[in-house]
Amino acid sequence: MVDELTQSQLLRWIPLLPLLAAAVHGVLLVVVRRTLPRGLVILLSCGAVIASFLLSFVALIELVGVEGERILVDNVYTWIGAGRFSADVAYLLDPLSAAMSLTVTGVGSLIHVYSIGYMDEDHREDKGFQRFFCYLNLFMFAMLTLVLGDNLLLMFLGWEGVGLCSYLLIGFWYADRFNAYCGAKAFIVNRIGDFGFLVGIFLLFWSLADAGQAAVAFRDIEAGLAAIVERTVVLPDWLGFLPGAPEWRLTTLIGICLFVGAMGKSAQIPLYVWLPDAMAGPTPVSALIHAATMVTAGVYMVCRMSFLYAEAPGASALVAWTGAITAIFAATIAIAQTDIKKVLAYSTVSQLGYMFLAAGVGAYSAAIFHLVTHAFFKALLFLGSGAVILAMHHEQNTDKMGGLRSYIPRTHAVFGIGVIAIAGLPYIASGFFSKDEILLSAYLAHHVPGYMALWGIGVVTAGITAFYMFRVHFRTFFGECRAPEEVRSHIHEPKNVVLVPLYVLAFLAIFGGYLGPSEAFVPVPDANSLGNFLLPALSQEAHHVAHSTEYALAGLTTGIILLGILFAYLLYVRRPELPGRIAASLGGLSRAVANKYYVDEIYDAVIVRPLVLISDRVFFRGIDATLIDEVGANGSARAVRMLASNVLKYLQSGLAQGYLFLMIAGALAIIGYLTR
Amino acid sequence: MLVVVLKLLFIVLVIMAAFLPIITWVERKQSAVMQDRIGANRADILGLRILGLFHPIADVLKLFTKEDVVPAGANRVLHLLAPVIAMVPAVMAMAVVPYGGVYRFGQTELSLVVADIDWGMLYIFAVGSLATYGAVLAGWASNNNWSLLGAMRASSQMISYEVTMGLAVVGIFMVYGTLRLPEMAIFQDQTFRLLGFLELLGLVEALPVWLDWIRLPMWGIFLQPLGFILFLTCIMAENKRPPFDAPEGESEIVSGYHLEYSGMRFGLFYTSEFLEIPVIGMIVATLFLGGWAIPFLSQETIIGFVTPVFGEGVATAFCMALHVATFLLKVILMIWLQMSLRWTLPRFRYDQVMDLCWKMILPLSIANVLLTGAAMLWIGGLR
Amino acid sequence: MVPIEHAIALSGILFTIGTVGAIARRNLIVVLMSIELMLNAVNLALVAFSRLWGNLDGQIFVLMVIVVAAAEVAVGLGIVISLFRNRESMNVEDVSLLKW
Amino acid sequence: MSVLFFYVFAALAIAGALGMVLNTRNTVAAALSLVVTMVALGGVYVLLGAYLIGALQVMVYAGAILVLFLFVVMLLNLRREEFSPQRQLPTKIAAAVIGLLFLLQFLRLIDGAFGAPAAIPADFGGYRQVGTALFTDYVLAFEATSLLLLAAMVGAVILAKRRID
């Protein structure tokens, strides 16, 4: 069914170029054990990524040029062909993946350039520089495969690939055990999610196969979905408490399974715990992988499968509620964090919550819109914080900062822009339009149970977001400097190679929102260009609402945001001594918040320790060592040896004729048996 | 049936009764001539001794009347058997060699070959390969170390030369496209233009007509000169006469495998050796010298020439006689060649014999095969 | 016309004789010869079948078998010779070192 | 006629085989009786229409392989078997029994198992047909055998070479 679509040999090069660069690096590092000169590394890696950015741009133009259904495909080769099942390595460019790939490559190139400056001191250390760019390119390949892949398997390949790269990059400075630990944590938590994802894929494939529609390509799945929409599954009794039990729609079950994968990858409750620790990696990594691109893979996947979720109201509701709760939960945690990157990490979690909220209420275009804008300003924020950290000589704790405004004004400016953007002040912040669209669609989502509550949570979270972002900003750049003297003396603006990407991102953070504002705010025809561009790729019905309501909602949100900003200003600029007292008065609550609600500790106690204990005692010592090794392997071997050395050896008399005799006898026996 | 028997008798009688004694005499005479002696002129009947032509008879009488010794500790049966076994193959080989073409008298057709089998050459090889046993058994049976040495030399030499002999004539088979000896003879009845190769090489467009008259018969010796030399060498080595008489080698191992033989049994070895000489002659003549074919004079021509005078029957008979005569002539030529070689060349040392086989003849014959194939492809491509 | 059954029966008989010889005789060379005999019996069967079905493949197989037999004899006799050099014996039972 | 020949050859072959196996005193005699078998088999092949195979049989087996055997026997100069002619009876009996069983089984199986032989073209089994088949369908096997022969040759040389030390 792909054949009558427009082919384009161009697509394959978008993911392939970074892969080639990574391969060159890898071969050099692993096989040849030599490092390229720094200049070549930069040329190769950044060149590859920028090239694939340009390619995606060209592809976009080609895509817009396509009349009829806007889809480009590039069948590279048949990856797996087994009977009636076949999965191609094929790339598909529709509006959704176009937006994604442009975001990924665009932000990616900027961050690559930034990394040149940031990883500077690593280039004389052992191969660090090249290794870093090798991983980064590999990540770009995996991410683009995830985004452009035209079937679930290819997507899963990319899915795992980005997981691997995130693991490698979080533990990039593996010399420090803690970083390695964080990497492992990220990997394991992701594996849990991936398990759900995989189960979802299998479930989907087999149910389709039962319906005689076996397919893995998205378009085929979409076509074949009608066959299984009506299917239902009966839940076991012990799940009776679930809403809608005991009979669920199959699509709901599949949707939930897939969403579990999204939870892991996109750090939603309960699997968000890895993301804050992922900040152990270099800051560009945090910006690229753990803010802009990889963590949004879950959102992308949900949107990509929107046709499925549209048929699975239960799953959608779960998505929406998970997103909302995550959003406010993470936001509250972010209030009390002192580590600048941790704050950003939690804000990322909560923003992802927003996106899922949008996806859950069926506003997929809004989700993608927010994804894009978030990519811009969150990347900006992370890179800005990176600049700060550079300036402070790898000091991340905001308690040791303050008053940096005067030392590094440029950084202060761009960071401020980022803060405003995420807070979402009208018209001057890209965050405003996207967030507002999300809230609006939540407000209108009558088909989702408790949609008003969702909307309320969204609004409150917006306020909290504004509060803690400005808190960080104030604590970092205002007041008097709390840094020790010798540090203070060396604070300096970063190099241009670091600053230029910041400027570009700042520009995007301001004006990125105008990709798709609602007509209510920007009264020009086809103002919401991104949304309209995306719509055909998503199964979502556009909502129509009076502009007045939009104004009212937006006004309310903005008011709350301003309130949050005001609080922040009061607490951290006017009366810096207040927060301490408030925390003291709140006592336990504030401690809980500061300690992220002890979630890690709980997981550790409830899941990790028992698991380790059981694995060690029962599975390793009990089953593996004793049962399998001793009894199974060695035991059988011993038995054979006994038999052979005591009985059978006498058959080997060393007399060739004896063997011949036995041979003939055996042949006779067989012949006699066969011809009896 | 009767015809077959007659043919058999003819060939056997001609070769055995007529050729053998003469060959022995020739051997003596030629050696005498070549060594500048007056040899073989003692035996006389009533005082008249025509060039010692009575010597063969004397030989036979002597051999028959000699005492027949079987050495102690010898294996009697095999000792008795060996000479006969040595004799048989040579005789058997004659069965497939044509000594004349096919002639029709009225209704009946007469083809002058005892057994006209399609795989004649294979038959000859098969039979020839059995010739080894005579020497081997003789040497082993007579419980004597010299004999044993001779036997081992004989066996290894003959096996080795069988291989190369087979390879040497592959070229001929390729050219003739058959293993059937009568067909070979017929093939060699044609002629070819000596300078034809100039056309093939493209040196000239077409030969002037008068040059077409410079022709050669399509004989193996012209088509496969290298093959001819190699084959002759091998087949002479098969018949263990000088210069390939390492198995006998009087000076080293006292006349080798038939050291312990005396009387008529030695006579049998002697005979088989001499019998192989004309057989070799016949085979070589058939393979390389056109067999019974008379160059430039085809059967039709002869018959057509004579018929008006004497009538067809006589003409055919005449032609037949002519062919047989030609054949015998060629055989005699070959015999003479072998004789002169035998008296010209000294004996090879044993290792030299083997080296000649494996290091010279084998590669050469393989090269010959390759060349022939290439040439045939080339010419075939030109045609 | 040769009766095929009898030809195959002949091959069976020869094979049996060869087997018995290979099992019962102690002289290494005779054992080798018995194996040759067995091979020949098989060849005979192959030829008979190729005649039966009018199909040449059997004869091709015979050619292959002959080649293999030649190779086998060459190596086998080589072994015999070196064996005889080393332990002055032709007795199969003298070469039973390779055992438990 | 040919049937008569066939039975004669068969009798010769069996006699030769028996002579080979039963002759415990004289290895050379055993080899010779095997020669008889081989030649007889060659005859049988010819009667069965396998002319090329027949010729090759005589050439290779009778003409080369068995001569090789004799050669070795002479080289090692085995007059009689060096070991006591009396054999341990059990082996003999076992061999006889297994042989008998095999023969019975075999005869039971082939009894009336075949129909009339197929009609065959002229010069079936002649060198032309076999050669064509050998060099078209079976050329790969042919090449493989050449490799096998090479290996065997090298092996034999290495084995039989007298170590100079």
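Chains here go by letter, A, B, C and D, matching the order in which they are written, and residues are numbered from 1 within each.
One rule holds for everything that comes next: a contact is a pair of C-beta atoms (placed from the backbone, for glycine too) under 8 Å apart; a residue touches a chain by one contact, two chains touch by 3 or more.
Source: prediction; values computed, not measured.
Chemist: Hey, how far apart are chain A and chain B in touch steps, shortest way?
Modeler: The fewest steps needed to get from chain A to chain B is 2.
Chemist: Measure off the straight-line distance from the CA centroid of chain B to the CA centroid of chain D, and report it in whole Å.
Modeler: That gives a centre separation of 30 Å.
Chemist: Averaged over CA atoms, how far is the centre of chain A from the centre of chain C? Could you give it in whole Å?
Modeler: Measuring from centre to centre gives 73 Å for this pair.
Chemist: Just curious, how far off is chain D from chain C if you go by their C-alpha centres, in Å?
Modeler: A distance of 6 Å separates the two centres.
Chemist: Just how far, in Å, is the C-alpha centre of chain C from the one of chain B?
Modeler: 35
Chemist: Using the touch definition from the top, which residues of chain A touch two or more other chains?
Modeler: In chain A, the residues touching two or more other chains are 657, 661, 664.
Chemist: Going by the touch rule set out above, which residues of chain B reach two or more other chains?
Modeler: none
Chemist: Hey, what residues on chain D touch two or more of the other chains?
Modeler: 52, 56, 64, 68, 73, 75, 91, 94-95, 98, 102
Chemist: So which chains actually touch one another? I want all the pairs, not just one.
Modeler: Once each pair is checked, the touching ones are A-C, A-D, B-D, C-D.
Chemist: Which residues of chain C touch chain D once you look at their complex with the stated criterion?
Modeler: Contacts found on chain C: 1-10, 12-21, 23-27, 29-30, 32-34, 36-37, 40, 43-44, 47-48, 50-57, 59-60, 62-64, 66-75, 77-82, 84-85, 89-91.
Chemist: What part of chain D is in contact with chain B in the complex they form?
Modeler: 26, 28-29, 32, 35, 39, 42, 51-52, 54-56, 58-59, 62-64, 67-68, 70-71, 73-75, 77, 123, 126-127
Chemist: Going by the contact rule at the top, pick out the chain D residues touching chain A in the complex.
Modeler: Touch residues, chain D against chain A: 91, 94-95, 98, 101-102, 105, 109.
Chemist: Show which residues of chain D lie in contact with chain C when the two form their complex.
Modeler: Residues 2-3, 6, 10, 13-14, 17-18, 20-21, 24, 27, 30-31, 34, 37-38, 41, 44-45, 47-50, 52-53, 56-57, 60-61, 64-66, 68-69, 72-73, 75-76, 78, 81-83, 87, 91-92, 94-96, 98-100, 102-103, 106-107, 110-114, 117-121, 124-125, 129-130, 133-134, 137-138, 141, 145, 148-149, 151-153, 155-160, 162.
Chemist: Within their complex, state which residues of chain C touch chain A.
Modeler: Those in contact with chain A are residues 19, 22-24, 31, 92-93, 95-100.
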